[in-house]
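My structure is below; once you've seen it, I'll send some questions.
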Amino acid sequence: MLMFAIRRILVSIPVLIGITAILFVMLNVIPGDPVALLMKEHASPEVIARVTAQMHLDDPLWTRYFRFLSGALQGDLGTSIKLNRSVTDLILKAFPNTLYLAACAAVVSWVIGIPAGILSAVRRDSFADRFFMGFSLLGVSMPIFWSALLMQYVFALKLKLLPVSGFYGFEYVIMPAIVLGWSSAGVIARLTRSSLLEVMRHDYIRTARAKGLREVRVISRHALKNALIPVVTIMAIQIASLLSGAVITEAIFGIPGVGRISINAIQARDMPLLQGSVLFATVLVILGNLVADILYSILDPRIRSQMRKGAQ
Amino acid sequence: MSVSPAMTTETPDVIEEPSLLRDTARAFARNRMALVGLCFVLILVCVAVFAPLVSPHDPYRVALDEQLLPASTTYWLGTDNFGRDVLTRILYGARISLVVGIVPSLISLLIGTFMGVLSGYIGGKVDFVIMRLADMMIAFPSLLLAMVVMYTLGANLFNIFIALALVGWAGVARVVRSQTLALKEKEFIEAARANGTSRATIMFRHIFPNVVPTLIVLFSLSIPDAIMWESSLSFLGVGVQPPEASWGLLISRGKEYLFQAPLVAIAPGVAILLTVLAFNFVGDGLRDALDPSMKD
Amino acid sequence: MTNKIETAKTDTVLSVRDLRTEFRGDRGPVRVLDDISFDVGRGKIVGLVGESGSGKSMTALSLMGLVPKPQGHVSATRMDLDGTDLAKLSPDGLRRIRGRDISMVFQEPMTSLNPVRKVWEQVGEPLAIHQGLKRRDIRARVLEMFEMVGIPDPKARLDAYPHQLSGGLRQRAMIAMGLICEPKLLIADEPTTALDVTTQAQILRLMQDLRDRVGTSIILITHDLGIIAEMCDEVNVMYAGQIIEQANVFDLFERPSHPYTRGLLASIPKATEQRSSHRMPSIPGMVPNLAKLPPGCRFSPRCGDAMPICLQKEPGLADLGRGHNARCWLHLPHDATTQREAS
């Protein structure tokens, strides 16, 4: 088990290095000198030259990349141009807020998605099935920013039940979490349904019925565990889509999280900040995939023993 | 290995070719939602192409004395903060959404198919490099990756194509690769190889035609994704720039006036929702008709 | 709920009369089982033999109440299991019988066990639901069963997952599961088809041995006449959803009376041939589509002895004495059109 986890981590290191390289190249071959862009016409050529040298922007690309990489490994992601503060500090300060939002959204998506998926599979083709599946299709077909506005309009502006935006307490996170969670609830519901339906076709379900189990027990003891294995792994992978979604939700609801940092960085053309926040999010996604793989191997004894064999 | 005469000819081998189109059309026609979706898409295409003819007003005409009017018989969905007709702006927005739905999907399909067939058929180091590259692209949160591209290249429609193609090709490559791997084991490919057919010919005359049904499905399902991404980018201000009328942009501008004139922000969202739903229905219908094995 | 009838506690464990199973689909009902009547004696092994699609497995599922709902419909004048008429039980009543009084061993030991649960939990589960035993007692009882079905190193196997056992061991575990509540009847549906030849022989010997020691009656479903000859006391030959010949095993092999049975026996490979080619012997033609049956005898399109009447009218069962019946006009008066229906 531990061997597997270690091997899996080792495999993701080259991916991580590749990603930093891609990201770095994409952000550092901008047409136009970032310093001039930053300082506009106010700076004299001498000042621009000095700042450029200070930021080592005249070094060759690969030297700058290795400097960036070694800095990143030590937790130093550079300094924000606009805010003149450590990017790492800014991100770490914002991250708990994003995490809080994402966790609430994840809970919303599980609480809605899994039961809806189970019910749809068990009562296949029933009204409930059609309802939930239609609902989940709606969830994935609505742009997050639009459903956010819709909720703001209805619950904050019209009904005045919840605050429009800001981040000062639990009531501020309700709408963003529902908006963000709903879209992934649809994905989870569909996956749970199809996974459960697939499992119910297996021979061992017939065996379970042949033992005289009640249908409830057939599902809860024999079908659900198998059916939820892919669902659990998807939940870890969904960190990626929650993070993408968090960019928009945070922007709309004014939550000071990592997503908002990247938006602000783009608007301010603050390259180090953008680079740092995107890298941070990407590392989280890779971690999510890692956790998914490890979870999978814990949950499925077949994979587990394959791992053991492979490790020997 | 048995080599049947039909397999040794140089014609591309497409499994079940003669009846594929008819069977697909028939299976597709049985799916009511897919037909509804198709009708909507066709109407949308007409609206986009003939936008100047079907629109009641000029999309760019600023009328500061007619700001944020409510819905009326003149302005069916009211006017925005510049006094422009919301309905007209939405109808023109269909142009951008369709182009953004189709063009980047085509580009990522092209790249993804090429990479996927290459990766699956050649194998070895080529496969390793391409697949690791795909792993990396998939590991990026798509929206952030697209944002970075837009940041670097600048916010305009053409760069959206590049950003979305960059985000999309890796997924296509993975699917095509696995199909290629499966096809590689089929007798008719082995027969072609035994016959001394060159690798390039095998890849593009024997394998590629058999991947086409999957590509059609991938294409139709990536259109709604692309439309979503474009509207998100435009909403965030790193996509289509004003005064163009993109649905995401309309919502972004309209949200400032959510309280005075909710329709300005809400109505374009309905357009996105309906379009995405319609394309999803069509895509699902095509998938069920062409390639039931892809159903999850 | 249980429906005691007069014939209770005889030497017959199961008595099926007029079992009919239909699937009601979009294109009207298809009768997959028609007029199935047979008995299983106490402590006997009764064979159901036929090609795939002949209805053997469907007969088993009908008895178990496991015919897929809602399309499947099972009816019978009676299905008497040791005094309880299964035909009159509610779905929940049948569920209580399943795994306790009647249990089933399936063809594929590889896929019939749940891959993510330990073997002992699965084998012992019937005890938990039918007898409400505690975990510790169940575990002890499973250990006993593992010893009985000859699983080597049984203690170590309790906590194994299915994929850690060989096919033969899994089938032994399945048999242990089937017998753990000491059922009156065990249905074994092609229990050895998926196994290699040596393991096949071991599993068959195990089942015979268990029948002798525990006295469980067994319905053995197979397409392999060799297995029938080795194992069974009585045989029912099935074709296109009907029993077309039934007899004790000696009569069937000595005096096969239905042309189909004769065809099967004639094409058994000789002992010198490879046993692996011991597939269902081929008779020219194909099993008819149950939705489009020929008008007369179901076998008539493939039958070498077909007469004009065979193409017009379905034969009933002809009584050949000593419980030997054949559904064939060869043994029925030709001119008489109304023969007694099997009952």
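Note that the chains are named A, B and C in the order they appear, and that numbering of residues resets to 1 at the start of each chain.
In the analysis below, contacts are C-beta pairs under 8 Å (C-beta built on N, C-alpha and C of every residue); 3 or more make two chains touch, one makes a residue touch a chain.
This structure is a prediction, so every number in the text was calculated from the model and none was measured.
The greatest centre-to-centre distance from chain B, using averaged C-alpha positions, is reached by C.
Of the two chain pairs shown, A-C and A-B, the one joined by more C-beta contacts is A-B.
Centroids of chain A and chain C (each the mean of its C-alpha atoms) stand 53 Å apart.
Chain B has its Cα centroid 23 Å from the Cα centroid of chain A. None of the residues of chain A touches two or more other chains. Annotation for chain B: no residues touch two or more other chains. By the touch rule above, chain B contacts chain A in their complex via residues 132-133, 135-136, 139-145, 147-152, 224, 228, 231-232, 235-238, 248, 251-252, 255, 258-259, 262, 265-266, 269, 272-273, 276-277, 280, 295-296. Residue ranges of chain A in contact with chain B, taken from their complex: 14-15, 18-19, 22-23, 26-27, 29-30, 137-138, 140-147, 149-150, 152-153, 157, 190-191, 194, 240-241, 243-245, 247-248, 251-252, 262-263, 266-267, 269, 274, 278, 281-282, 285-286, 289.
The touching residues of chain C, when paired with chain A in their complex, are 64, 66, 95-100, 103-104, 106, 108, 111-117, 122, 125-126, 129-130, 161, 163-164, 174, 177. Contact residues of chain A toward chain C in the complex are 202-204, 206-214, 217, 221-222, 225-226, 229, 299-302, 305.
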